[in-house]
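In the two assemblies presented below, subunit A is common to both, partnered first by subunit B and then by subunit C.
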Partner chain A sequence: MEVVLMDILGAVVTFLVAFVVGMTYGGLSRKITARVQNRKGPPFYQNFIDAFKLGSKKSAIHHGVMHHFGPAFLMVSSVMTLMIVPVLTHNQWFPNLNFQGDLIFLLYVMTFGPLGMALGAGQTGNPNSAIGVTRGLSQMVGFEIPWVLALVALMIQYHTTSITGLMAAQAHSGTWLMFSSPFAFVAAVMAMFGMFRYSPFDIVGAPTELASGPISENGGKYLFVMMSSGSVFTFAKLTLYVDLFMGGADNLLILLIKTFALYLIPVLYGVTTPRYRTEQAVRWFWGWPSFFGLLAILQAVFF
Partner chain B sequence: MEMIHIIFLVFLGGAVLTYFAGKISKVLQDILFLLSVLVPASLFFTYVKIADSVTLPLGGIKLSWGLNHFSWLFSLIVLGLGSMAAIYAVGYMKGRERKGYFYFNFILSIMAMMGILLSLDLISFFIFWEIMTWSSYLMTVYSGNDIQRIGIKYFVFSAIGAYAMLMAIVMVHHMTGSFMIGSMINFYPNMSLSMQIWIPVLFLMALGVKAAMMPLHVWAPDAYSNAPMAYTAVFSGALSKMGVYGMVIVLVTMINQIPQGVWFREVIAWLGGITAVLGTLWAIKQDDAKKLLAYSSVAQLGYIITGIAIGTELGMLAGLFLAVMHALFKGTLFMVTGAVEKQTGTTNFTEVTGLIRKMPWTFFAALFAIIALAGIPPLGGFVGKWMLYEALITSNHYLLVIVIFFSSTAAFLYCYKFLFGFFLGQEEKEWAHVKEAPATMVVPMVLMAVMMFVLGTFPGIILKPINSGLVDLGYIDTFKHLWNSSVILNVWGDNVILQPILYYIIAIFVFFVVFLT
Partner chain C sequence: MMNDKNSQKIVDIIQNWARKHSIWVLAYGTGCGAIEIPPTMTSRYDAERLGVRGAATPRQADVLLITGYLTVKTMKRVIRVYEQMQDPKYVIGFGSCTINGGMYYDSYNTIKVLDKYLPVDVYINGCMPRPEAVLSGFAQLQKRIAEGRANGAQQYKDNLEWYRANQKKIIPNWIMPDYNW
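Showing the complex of A and B:
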């Protein structure tokens, strides 16, 4: 019983850390974008203010059951991803609830959220939502290819399909996978641009023309849950990349340094690149990123 | 008289009686129809034991029928889905014309599929194969605008397949002097190399037609979408599995025995992969639910074919588990389409919208089936997909795994389209009058949705008979090595424990739903 309670407590702590870190990163990205564009920008804690304002509001209208479930589906996906990814190596406070962190399971859990969210957005009947969802799903088909190529390359190179197995391989050899499987790392990072949906891949939300796409018609608590889910997901994804390619992290400080360094890549690439249309985005993902993915597989098979 | 004889007699007599009962009373016809599907099904599962066999002398040839673990697994698909579809069909056919014609062919199809599964000799296999083709052909041309073209297309392909099979049967008889499947398998290693290649190729042509394998799939989208939906559930869910059933036997007992078999299997696996990708891409383009599901069936059969063509234990488990799951979710989806068609009169996404409030139970079934189709945990589709990927990766099919993954990610697009098109979106006044489908249609759908949910957490329920079937075919026992009641493993020792996943998902989901309310 005590073990179960500790697990649940650990899960809650993990969730809170992910929430705070993700929110802060979101705020910092707004600050960075502003500084690049020569604006002052909001303070880094602006996202917390937004979130708590939204969280304290009540919704007056109700779009139906599926719309109500949408954000919950999104949250299930983010929290499950977080639970599978080992946050810190050798630390009892951040257990990964022992799913062995299977990568294929992870791939599917990560898609669970967008699909559930899409269903929720569908019920609102807002045409902007439907357009946004279609674009989002198409873009997903785009970036999943290099991402899966990279993961398959890692799996066949190290004969394991679990995150813990890949971390053990790194600990055993002493080199990070980003150096021993550089092509997989490049492909995965390029796929990450699509996952974060920052510019140039932000056509899904497209605030100016689509009124933020799938999340239009959502406010108050719904938007709050979506925002928190986004933050948790950001943290989970970055931690996953650190686990896979940068040997994991022993303590929270190292984890923050590594994740923030990774996080800067999509943010900085985003602020300097204009938006792609959906088909351009898909073509982009099936170009160089997939090429690097194929190189990664060749490397895994022949070396 | 043995129980297997009685079962076939009930099917056959039931079909004839049901047909003529329509002249007396519609209700009597419905009852007779249900009895002539459900009674043999329950007789089969209670009285017929594994390794039972019977013979029937027929004009100088002794036909022999028997049951093993492998055919029992497929009988489960046929009779399980058949019973569900039969209950559904009573509601679906209410008020339609030519009910007798429909019921007659429905029962004959189920009987023919059982006959195929129980056949131990090639003659009865061929006879039942032809009965199945005929009855499904008659269903395909039951109604619709373009039935001549569609019917001829289906029939020509089936005929090509059937003649190929007949040729193989004649050749086998010439060489062995016997029509028994067992003696054909025993004699296979002694055949000349060209025969060793021709016999399986000819069989695979016949089986590939029914399994809608590229390039023999051409008939499938039209035939699936044109047959009445209550029948298409069986057509796509169970009848196409007869092709898979035969393919497994041909692959395992023949092609695996010769050194050139590796290339054979590789080609079939790639054909399956290409079928999956093209089927998915076509499905995305469709605006009609029937067409969309028909193409999606083609794609899903591609996964199954790939799984069984790889031929490793995990690949076989994956292919057969997906076959069971496909029967469940595609059966449900065709039933959902039928329900929408019955209540609104159309299956076009551009016309129907916003039915979620009017048909909540149908939506519930559709949602579960779509989640299972997309392979998202915690539903059963995930288990099959996971096993398929792991099988491909651990058996060094690196490019094929990408192809399959692409197809299953792209499938999200049509999955979403199906749910969004019918059930979500703006509610329009035109559909304000729509009511939930009658109980006889809703209950089978919901039961099947619940089954998908259960299989997602306890796949062992189905993996156990699959494993027994594979052991019958000469595979090693994989219990605890690749699967457990709620754990799935790969050959590298990585695993997914499904039970806690379900609990966590439910816990998180409930917490946030409550938080939002």
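Showing the complex of A and C:
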């Protein structure tokens, strides 16, 4: 009984840490964008204020049941991802529900949220939402290919389908997978651009073009749920990358340094590049990232 | 305890503080005033440092910024946009045209006084108001929000019949959904 209670408490702590870190990263990315554009920019805690305000807004929108479920699906998907990804190695406050094959399960869970959101956005009947959903799913088809190729290469190379197994392999050999399978790392990082949806791959929520796309009918508390789930998901994805390619982290400080270094890649690439069109984005993902993914597979099979 | 007057007051202060520092603006840029919004938002004046940020749709917006004159035809859209926004919501009338018609004072198809049709919280005077004036208008709105005096939406609800009568006077073919808050 005590173990279960401890696990539940740990899950709550994990969620809170993910929420705070994700929100702060979001705020820092806004600050970085502003500094690159020679602006002062909002304070780094601006996202917390925005989230609190959105949460305290009244919401009188009704488009049907699925519309209410959309943000909930997103949240469920984010929390499931977070629970499977090991946050720290050996820490009682961050339990994880990993099992043999969780890497494959994770591939499905990570697409579950956007699909639920797509259903919710479809029910609003807003044409911008519909266009945003089609763009989002096209982009997902784009970046899933290098991402899956990279993960499959790792699975072949180390004969394991669990994240902890890959972490153990890194601990055993002493080198990070980022160095021992560099092609998989490059392919995965390039796929990360699509996952984070910063410019130039912000084709889904393009505010000036699509009026923020799938979320255009969601305000107030819906947006609050989406914003928090986005923050949690950001943290979960970054932690997953750190676990897979950078050997995980022993304490929170090292985790923050590693995740933030990874997070800067899409942010800094984003502030200097304008938005792609949908077909350009898909072509980009099916070009060099997929090539590196195939190289990774070749490396895993023959070397 | 939850409905205690004093605790409600504390909650209001915290919520108003958050609202004050996070203003998402829907710029309804039909008039010439829309040209002053990009400099307000970009590097020179950088409204984002005050928490002022553009919102893409009425559902996400807090402030409806009406930049310049409104024709009778666009009025109908403005009313729909305003009614789709979520509480608490504010309206900023931007430029002389929203105050007294400005240079369109004798036009047959523009409205003269915006306050008769929508509850305006803050007016920004000028033709055009420069970005400094716009920022000053936002500061004024922030002050009113912090003091809890920016309650135009409540006023609109309370006097809905009066506003509706005024709106229907200028819009003859009134085919609009009825909203019930």
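Here is the rule we use: the second predicted complex is superposed on the first by the 299 of 303 C-alpha atoms of A that agree within 3 Å, B and C clash if a C-alpha of one lies under 4 Å from a C-alpha of the other, contacts with A are read in each partner's own complex, and residues count from 1 in each chain.
By our rule, contacts are C-beta pairs under 8 Å (C-beta built on N, C-alpha and C of every residue); 3 or more make two chains touch, one makes a residue touch a chain.
Please read these numbers as outputs of a predicted model, since none were measured by experiment.
Asker: Using the superposition on subunit A, decide if subunit B and subunit C clash or fit.
Answerer: In the arrangement built by aligning on subunit A, the partners subunit C and subunit B fit side by side.
Asker: Between the C-alpha centres of subunit B and subunit C, what angle is subtended at subunit A's, in steps of 10°?
Answerer: For this superposed arrangement the angle is about 110 degrees.
Asker: Would you mind checking which one, subunit B or subunit C, touches more residues on subunit A?
Answerer: Of the two chains, more subunit A residues are contacted by B.
Asker: With both complexes overlaid on chain A, does A:Ala118 touch subunit B (first), subunit C (second), both or neither?
Answerer: The answer is first: A:Ala118 touches subunit B but not subunit C.
Asker: Identify the partner contact of A:Phe260: answer first if only subunit B is touched, second if only subunit C is, both if each is, neither if none is.
Answerer: After superposition on chain A, A:Phe260 lies in contact with neither partner.
Asker: Return first, second, both or neither, reflecting whether A:Trp176 touches subunit B, subunit C, both chains, or no partner chain.
Answerer: Once the two structures are laid over each other on A, A:Trp176 reaches no partner at all.
Asker: Please indicate which partner A:Gly41 is in contact with in the superposed arrangement: first for subunit B, second for subunit C, both, or neither.
Answerer: Only subunit C; A:Gly41 stays clear of subunit B.
Asker: With the two structures laid over each other on chain A, which partner does A:Met83 touch: subunit B (first), subunit C (second), both, or neither?
Answerer: The first partner, subunit B, only.
Asker: Taking the superposition as given, does A:Phe291 touch the first partner, subunit B, the second, subunit C, both, or neither?
Answerer: A:Phe291: touches no partner chain.
Asker: Rounded to the nearest Å, state the minimum C-alpha distance from subunit B to subunit C in the superposed three-chain model.
Answerer: It comes out at 14 Å between the closest C-alpha atoms.
Asker: Quick one: in the complex, what on subunit A touches subunit B?
Answerer: My answer: residues 64-66, 68-69, 71-73, 75-76, 79-80, 83, 97-100, 102, 104-105, 108-109, 111-112, 115, 118-119, 122-123, 125, 130, 133-134, 137-138, 140-141, 144-145, 148-149, 152, 155-156, 159-162, 165, 221-222, 225, 297, 300-301.
Asker: Can you name the residues of subunit B that touch subunit A in the complex?
Answerer: My answer: residues 354, 356-357, 367, 374-377, 382, 385-386, 389-390, 393, 396, 398-399, 401-402, 405-406, 409-410, 412-413, 415-416, 419-420, 424-427, 490, 492, 494-497, 500-501, 504-505, 508-509, 512-513, 515-517.
Asker: Where on subunit A is subunit C touching in the complex?
Answerer: Result: residues 30, 34, 37-42, 46, 49-50, 52-53, 56-61, 128, 207-208, 210-212, 215-220, 223 of subunit A touch subunit C.
Asker: Please output the residues of subunit C touching subunit A within their complex, sorted ascending.
Answerer: 15, 18-19, 21-22, 24, 42-43, 46, 48-49, 51, 53-54, 56-62, 85-88, 181
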